[in-house]
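Have a look at these structures, which come just after this line.
Both complexes below contain subunit A, partnered by subunit B and then by subunit C.
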Partner chain A sequence: MLPNRSRTSVLVFLLPPLLLYCAAVLFPILQSLFLSFFSWNGISDMEFVGLQNYVRMLTADDVFWRSFFNALLYLAICLVLQLGGALVVASLLTSLRRGRELIKTLYLLPAVISTVAIAFLFVRIYSIDPVGLLNQLLHWVGLGSFERAWLSDVNTVLAAVSAPEGWRFTGLYMLIIYAALIAVPKELEEAAVLDGASKWTLFTKIRFPYIRPVWITTTIMATTYGLRGFDIPYLMTNGGPGQSSELLTTYMYKTAFTSTDFGYASTISVFIVIECLVAVGLILFMLKRKADS
Partner chain B sequence: MIAQTAPATHSPAAPPSPAVPKRRRRKPSLYRTLSRVLILLIVIVQVYPLAWLFLTSLRTEQDFATGDPFALPGSLTWDNYARAFETGDLGRNILNSFIVTMGANLLIVLFGMMAAYAIQVLGFRFSRFVRGLFLVGIIVPVQIALVPLFIDYSTVNLLDTYQSMIIPLAGFALPMSIYLFSSFFEYIPRETYEAASLDGAGPYRIFGLITLPLSLNTVVTVVLVNSIFIWNDFIFANTFVLSEDLKTIPLGLQNYIGAMGKVDWTATFAAVCVTITPLLLVFLVLNKAMIQGLESGATKG
Partner chain C sequence: MKKLLRVAAVAAAAALALTACGGGGNTADPANVSPTGEIKPREISWLLSRPADGAVINIMKKLADDYAKDHPGFALNLITTPDRPSYIQKLETLAAANKLPELFDTDATPFAQQLAKQGKMVDADKLLKSLNLYDNYRPGALDYQRFDDGSLYMIPFQFELEFMWYNKALLEKAGVSVPKSLDDVPAMCTALRKAGITPIAIDGQDQWPLERYVAYQPFREAGPDFVQKLKKGEASFSDAAGQKTVKWMAELGKANCFQDGFSSQGYSDAQNQFTSGQAAMYNIGTWELPSLATDKLNPAVRDNIDFFTLPTTEGAVTAANEFVSPSGIGMAVNSKTYDPLVSDFLKFALEKYPAEYAATGALSPTTDVQTAIPANATPLYKKALETANDLGDKQTMPWDTQLDPTTNGRLQQELVLLVQGDITPEQFTSTMNDAIKQNAPKFFK
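And now, the complex of A and B:
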């Protein structure tokens, strides 16, 4: 603490940021919580309905549950592509001696592109008429039977809208994991190699435990980003066909701004926040416990 | 067998990294070759779609509708770009994105620095609690704020303004910015502050004369990282902005989907190319700083 600080100076520095933060983040969270107990379409009078919205959401709304499980699958696909892809590429990159910077830059490139542009791009990649990149590729490698309209097939659409999100940010996580990997002390690795450790043992016993704190951070980042995924499914399919690519976020958005059911949309929002908190708690619990054992 | 000790015999395009000292030399192994191929494949997957996007923007419509998508364009044309500029007001969209990005960044940097200064340097009784409060913003998804903000904006007449986008964009980015500044401020030795205090400098002068100038690197990091997300923001703009005059790039691009979902794809791709160029240029020029920023941001955690 500074010796000459005064109470006023603390307030001068703290109040403006805190006010902005409260207005944009904290207050809306509380407001959502409040609204979730009401039925309101934005025009008529608000009507207090108690827990009715929650009961409806948890017991009577099939679309909600469908969206919830879709969102989990979406999250799983994003996590595999982002964290798995990031870990593999980062590990491979440490064995390169040249061109690391170039590859990092190229790999990060999709993160700079807006989601609207990515949605356009992938609509064309998945298209069947005229034949898009993916179907053409399948045709060439002799998997022509897999050719399909990826975005109108209810079995593939969820994976098809998840993949671009995974693709987009894998470079970001790769950078972070790579930075952690090259910080692993060389002496540790060399000592292990002298003891005859294989590449795999080296990775599981030396490198990975060493980067575990960073791994926890990236997992939390990727999970919270995955749970707030919205743009790409909303733009590419708007949740369709049917509800096969509906996520909780897109469902909430449509409930709020298409059906103007602000009360029920807030209930879903509250659920999303709880879901995020639970997810982060679970990650910390599981990864920390493993580290202790 | 360690792969990284083998000599690098190929990859001529890549610049040599000077920092790597020469190590023991060994023969190229299967593992090395495999990992090279794998890296190359993954890079192609990351980059090819973007290259294809650019190539398509130069194709004729005819060529695009009928041809093999992987084929190189038969003839190059700039017509798509002309049509792209006719269909939408791309200049206006880019200007709007620029205004929003600058406005939000200003708030994020200034307020982030101020809050971190209050929490980390000045210190006060509830500083741990306030820090925790800000952490919430990193975890909660932005969608939670849409309905409440929409309602609040309509009561105070902020709907359809630049501020309606800037406020939530800055608010949700603030926690990360505070976090980055705090972890940087930890590295400024306490003696610096104590010496300044003894010389009679108060908290404001210390902020202006010591903390602010020292944090310029962190400012660059915070601005670069946030600019990517703010420049490309879709959800706040889509929810709060209606008038054409205020539309940012992501919304402007949506105009290219015509009535009945009919899309002039080659013109759309031309528009996409135009709109990603500014940020792409910044990224390519400053990628070292940006990459360092992203790396340091998470590894300090």
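And now, the complex of A and C:
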């Protein structure tokens, strides 16, 4: 344990980042909370409306609910691609003898490309006229009937804008999970193999329980990033066609900066904060219960 | 620790209260267009949304340099954001923070009208009259900038006409001719599609091009007043003119008038489809004359390109020479920072601007100068310019400058769905009527 004096010094050093955190994170959240009780378009007088914005959001706004469910589906697709993909790739990597570094770098590459470039890249990939990569591939393998304008079709657009976001960060989470996987003690695995454990048992009984803390952290990271996803859908389709790829975040942004309804946009942002907190709470709760059992 | 948090919370609340009290405040008299006093040169800024290397910016830069020669210390800082949605966000945020520069661009939107009502913009009507320039302007160019009540707060720098450009060879191939009525367009599209031709190339990504189409039928059926009533909730999409446009848009969709996947294609995609001879028609304004009516145009289609103006309909209340003729985004003058210097510079610049602008081959918003036709122009260039000499009194206002921003955003989204056949005309009508009912009252009190 630290002696008293150095505890004070630790506190002193912790203070600046804490203040920074308050100014950059807590203050805007409080300000949003404050604004959410007003009707304000930026240039008019602020008018106190009580809970009216919340009532409108929860009961009378079809676009809000549409974007909420879109955001959940977007999150699900991102999580499957990011966490599922990362786990599979990381596990395969550990069994690889040569070329690990090269593959790791290749997988990580999308994470360092600028979002705007990724958005433009995928707009081209999904394009039908001129024919983009995806439709061309489908044509070549004889699935020509599936060719479509992916970003204009209301049934495919949400999946189409989620995939780039998932693809983009798979490498990053793969790296984290891979680091955890290679830290699993070899002697434990060898002992299990000697006892006749199959590859699957080895994974479920030894490796996964061992990386559970890292898994929790990555799940929380991926979930919060997914819930805040904004740039790729906004750049690729601007929420369209209609509201088919509108997320809570893009809807909030438009409400604030296109409709200049800052009060109502703050209400939506308060909802997003609560939604993120609930999601993290749920993940912790579920994983803890699993660990306990 | 707890105490610290409490202190932080209190500080945050106090800061909030302070910022809430700030803002607003000192605005000058918007009607005082000739401020008296000494001209003290300084740097002034113009927040604008025009192409970075376009004629307006180049000319104004040059005029500012000329002015600075006689007024050392003067500089004009041009801050441009050509992407319109980003620009509007920037403008609205700066307006909210009460930090608008000396000059700023805006259309005659409901938001701008609120700024004008709050006395934040100089009365352009009075300003132009005091500079003896008012009568030089084309009435249509000024009308485009006016608010519904006829007041004028923005000064135009352009004058454009929007045409339907078409490829004669492709129309011939499909055995169709230029439509006599708007109602002929869907059948025309069907014929073009049958011949394997994309009927109309459209930039779906930017949304305003599709929104142009929804304005056409009501303008012919009920005149320019329809959208002014519609936006306030005094007219609705259920009215005859409203239903006509909704049904027409659905028919355009059913006839596959626009290229496949148009909603995710951009400005240059659409233009390329037309100039490469894949699409038969393309709806765009005279600002594209340099690429559509000069030798820059693809030689393969150059001799086949022509244009027609907005077709009329049977029983139309507006004439064939009345269509979309915008004078572009206008420039507003901030009343708070309006002083002898700004006034003197505007006098200097606005007097010299039209001649310089017309020399670039563009249509000036004034009638006192002759547009120079570039040496590499095709005959179409002259034909386009001459159309401006014979315009009616009314003009089709683009709806994106008329509706309140929330309704406008919803309309842009729903239009795509309607044209793609994802929603029925009935669904469209009821969604849009609800949107107007909910959002209009806040903006048009």
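Definition applied: the second predicted complex is superposed on the first by the 273 of 293 C-alpha atoms of A that agree within 3 Å, B and C clash if a C-alpha of one lies under 4 Å from a C-alpha of the other, contacts with A are read in each partner's own complex, and residues count from 1 in each chain.
One rule holds in what follows: contacts are C-beta pairs under 8 Å (C-beta built on N, C-alpha and C of every residue); 3 or more make two chains touch, one makes a residue touch a chain.
From a predicted model like this one, the values you see are computed outputs, not experimental measurements.
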Broader residue contact with subunit A after superposition on the shared chain, subunit B or subunit C: B
First (subunit B), second (subunit C), both or neither touched by A:Gln31: both
Which of subunit B and subunit C A:Ala149 touches, first, second, both or neither: second
First (subunit B), second (subunit C), both or neither touched by A:Gly42: both
First, second, both or neither for A:Val112, with subunit B first and subunit C second: first
First, second, both or neither for A:Phe13, with subunit B first and subunit C second: first
Subunit B versus subunit C as contact partner of A:Gly166, first or second or both or neither: neither
Touching partner for A:Gln243 - first (subunit B), second (subunit C), both, neither: second
Subunit B versus subunit C as contact partner of A:Pro233, first or second or both or neither: neither
Contacts of A:Phe257 with subunit B and subunit C, given as first, second, both or neither: both
Intersection of the subunit A residues that touch subunit B with those that touch subunit C: 18, 26-27, 31, 42, 257, 262
Subunit B contact footprint on subunit A (complex, rising order): 1-6, 9-10, 12-14, 16-18, 20-21, 23-29, 31-32, 35, 42, 85, 88-89, 92-117, 120-122, 124-125, 130-133, 136-137, 167, 170-172, 175-176, 178-180, 183, 193, 199, 213-214, 217-218, 220-221, 224, 227-228, 230-231, 235, 249, 252-253, 256-257, 262, 265-266, 269-270, 272-273, 276-277, 280
Of all residues in subunit B, those that touch subunit A in their complex: 1-4, 8, 11, 13-17, 20, 31-32, 35-36, 38-39, 42-43, 45-47, 49-50, 52-53, 56, 64-70, 107, 111-112, 114-115, 117-119, 121-124, 130, 133-134, 136-152, 167-168, 170-172, 174-175, 178, 193-194, 197, 201-204, 206-207, 228, 231-232, 234-235, 239, 249-251, 253-254, 256, 265, 268-269, 272, 275-276, 279-280, 283-284, 287-288, 290-291, 294-299, 301
In the complex, subunit A residues that touch subunit C: 18-19, 22, 26-27, 30-31, 34, 39, 41-46, 63, 123, 126-129, 149, 151-152, 154, 236-243, 254-255, 257-262
Residues on subunit C engaged by subunit A in the complex (per definition of touch): 4, 8-9, 12-13, 15-16, 20, 24, 85, 88-89, 92-93, 95-96, 111, 114-115, 118, 120, 198, 204-205, 207, 259-265, 273, 404-406, 409-410, 413-414, 416-417, 420, 422-423, 439, 442
